[in-house]
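Read from first to last, the chains carry the letters A, B and C; within each, the first residue is number 1.
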Amino acid sequence: MTAALLDIERLQVRFGQTVAVADASLRVAKGEAVGIVGESGSGKSATVLAAMRLHPPGASVTASRLSLDGHDVRTLPDRRMASLRGGFAAMIFQDPLTALNPLMAVGRQIAEVVAAHRGLRGGQARAAAILLMERVGIGDAAVRAHHFPHQFSGGMRQRVMIAAALAGDPALLIADEPTTALDVTVQADIVRLIRRLRAERDMGLVWVTHDLALMAGIVDRVVVMYAGRVMETAPVDALYAAPRHPYTVALLASLRRDGVQAEASGAPVPPGGCAFAPRCPARMARCDTAPPMLRAGGTEAACWTLAA
Amino acid sequence: MRPWLGAIGGVLLAMTALLAVAAPLAAPYRPTQINLRARLQPPDWGAPGRPRHLLGTDNVGRDVLSRIIWGARISVSVGAAAAGLGAVIGTTLGLCAGFFGGRTDAVVSWLIEVQLAFPFTLFAIFLLAALGGGFVPVVCVLALATWVNFARVVRSQAMSLRAQDFILAAQAVGVGPVRLLRRHLLPAVLPSVIVVASFSAAQAVLTEAALSFLGVGVDPTIPSWGAMLNLGRDYLSDAWWMATFPGLAIALTVLGANLLGGWLGARLEPRGS
Amino acid sequence: MRGRTILLRCVQALAVLLGVSVASFAVAHATGDPVTLLLSPSASDAARTAMRAHLGLDRPVTIQYALFLQHALGGDFGQSFIYRQGVAGLVLARLPATLILAGSAFAIALCVGMPLGVLAARGGMAAAMLELFSLAGLAVPAFWLGLMLVLLVAVELRALPVDGYGGLSHLVLPALTLSLQGTARLSRLVASGMRGALRADYIRTARARGLSEARVVWVHALRNVLVPVVTMAALELGDLISSAVVVEMVFAWPGIGRLAVAALQQRDFPLLQGTVFIAGLGFVIVNLLADLLCARIDPRIGLAR
């Protein structure tokens, strides 16, 4: 069996006293698409950044496993890590305006990734960059390559980001809220584009978002995170059809706008208890100790309700 | 900036100021006392009891240490006065430019640019040649250099303050522009003014020394650090101490003001760094 | 759009130059009657009146200023009292020496200050060392540093010539002396700029794309620090020329600084006025060029305003 694209087990990320990720596990098989869903502060971005070793300096990262393509991300020499980044696993970010260098023409920004990972130089790299821009649907690419990020619309900028991400021909694409900063119609375009590219290249995908509704049709499996922990992980259809964790239920309910978002209820949980307990409608006495991941069909959820 | 660095700066400045004030008591000799038999004596740290020149003597036998202590008077007074005058002019113009904007701002910005366009030392030489030396002209000329520092900082702060709620609220209840500037804007920019004043004093001390070195200082008959350096230059190969110690005094004073300014900046302006 | 911005900057530069000319003229005018300096005290009143008429001093101030400006535009800054020559020629003859000195110091400041700042931006020992270096560098008067270098290198070690003008060996000490403050200021600016730039989103993107750390730092981050650096470097050049005046005195360097001091000692006001005006002109031009360069580095400049 080949190594998983991405394999995270019992990841913890801390900034001083603040715990960004308390306990997260995640495995992405070759060609698989996984969504990570959670509200802001749930640790979903911190999880993927740690996997790319892009966490801010000063953050402490521990895990029982943290590997990309079978290589341990924690101990890999910088040079090897650099060739994995962009080459094996590429990443796109939420705000393409700040994530692109404002003082460099977009063609150059794509071409330098081509140069770094495919060994092409000068004119060849530039030609490859223009080709990539055409592939992601930027018209008049040869001219647009000379333009700067501020001269593009939000959606076009995100296409530039995607072109640069594809430049190293990655086996895994990590998208950190790639459509959040965009208009709804443009969002749909970008989703369609990524779906198409994934189909063409048999590329693995990790899609990080706060928007559970986006997941359908993009990913095979969804990981729901809350307060730095994985609450539930399930095939996307099963998750929509039969959510097992009360938090997932609440998320879906708020999506359908037919339920009220779960209110904070009852007494605070003692440390070590389930983090969702204060907002949980199904809270019980056992919730004062954190539940393990419990299996029910294809779904795993960290909730005592599955043990009953 | 670490607090102890600021403390060192404060101590350095306080010592210089104290020496300047207490020069008659602190100096072992009169600064103008000529002793031709003790010309170009090297620094002498020998047994106590005998008359000693801790930092040596100059070409006519004057005690270098005493002259440095008396010279502190020039540096401290000129530095403080130039920074103060510059602060008054620069803050006033900067506040008006930032608050009123439009034509006022255009004029003040133009004045700032014109001022910056002159290589300052050349311009100062030119001005002092025209005005003649002396305390007041030197301070005025140095204030020409320092007011720009204040005006630029205060102008940009006043601009951003102008749009803030407490200013708008004051305007809404009919507070007049003069009162608004004095009671609301001035206190808000004061911390920055103090920080800039510290750096400007350092700049003024350095420039005053340069001007004295070139012979257009306050008064060639009063000992000043720059003039001592000028004299020391002629005796560099025979009496290294004549040029070394006054320069050290300048460097320590300027260092003190810069350290204090940096520390104040970190303390008073938490946003900037 | 860009063309209009550039035009606007040129108009602003002209306005500044006008201010420079007014100030130079006003100072020279305030020096009193140059006729008393030009003629012996025993000269007759008729001779004085004739001299005044010859110099145009009998006309209203505004006319005198207009004439001054007209002559200045034609490159005529009057006659030097002491040299009995045209001021423009005198200044231009000395200008290369000052430019060589200031230019070398400027090059040193750039070549040393930028890498220092980049290194210091990473924090740790390098940052602490730079802090110490720049604190010292900003406090030490240039002319004193020059004297100390002369004392150490020339008098004690007899390694380099101490004064005069000639080959590279004559340039080393003055250029080093002059560069210290600029190096200190520039490295501080680069260090603080780099600290900000390295936190930016696009730096994380560059790393996520697997670019080498060297490329991330020296291409992506440094490029974004260049605009404030170029702006400050242009202002720095003005400071350099200013300090060059004193450094020229220390090393007997035959530039416009020594010319100005000689003029000062002889109360040669036309020469002083010409020197100041030409130096101001050079400064305005350099700053204009720096603004244009910034617009080239950062394509967003000129669109926002």
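Following the convention adopted for this analysis, contacts are C-beta pairs under 8 Å (C-beta built on N, C-alpha and C of every residue); 3 or more make two chains touch, one makes a residue touch a chain.
Owing to the predicted nature of the structure, the values given are computational and were not obtained by experimental measurement.
S.K.: Report the chain whose CA-based centre is farthest from the CA-based centre of chain C.
M.R.: A
S.K.: Most contacts: which chain pair?
M.R.: B-C
S.K.: Hey, how far is the Cα centre of chain A from the one of chain B, in Å?
M.R.: The answer is 57 Å.
S.K.: Distance between chain A and chain C based on Cα centroids, please, to the nearest Å.
M.R.: 53
S.K.: Whole-Å distance, chain B centre to chain C centre, using C-alpha means?
M.R.: 21
S.K.: Okay, in this complex, where on chain A does chain C touch?
M.R.: 52, 54, 78-79, 82-87, 90-91, 93, 95, 98-104, 112-113, 116-117, 148, 150-151, 161, 164-165, 167-168
S.K.: Using the touch rule from the top, collect the residues of chain B that touch chain C in their complex.
M.R.: Contact set of chain B toward chain C: 110-111, 113-114, 116-123, 125-131, 202, 206, 209-210, 213-216, 229, 232-233, 236-237, 240, 243-244, 246-247, 250-252, 254-255, 258-259, 273.
S.K.: Quick check: in the complex, which residue numbers of chain C touch chain A?
M.R.: It is residues 200-202, 204-213, 215, 220, 223-224, 297-300, 303 of chain C that touch chain A.
S.K.: So in the complex, the part of chain C that touches chain B is made up of which residues?
M.R.: 12, 15-17, 19-20, 23-24, 27-28, 30-31, 135-136, 138-145, 147-148, 150-151, 155, 192, 235, 238-239, 241-243, 245-246, 249-250, 256-257, 260-261, 263-265, 267, 269, 272-273, 275-276, 279-280, 283-284, 287
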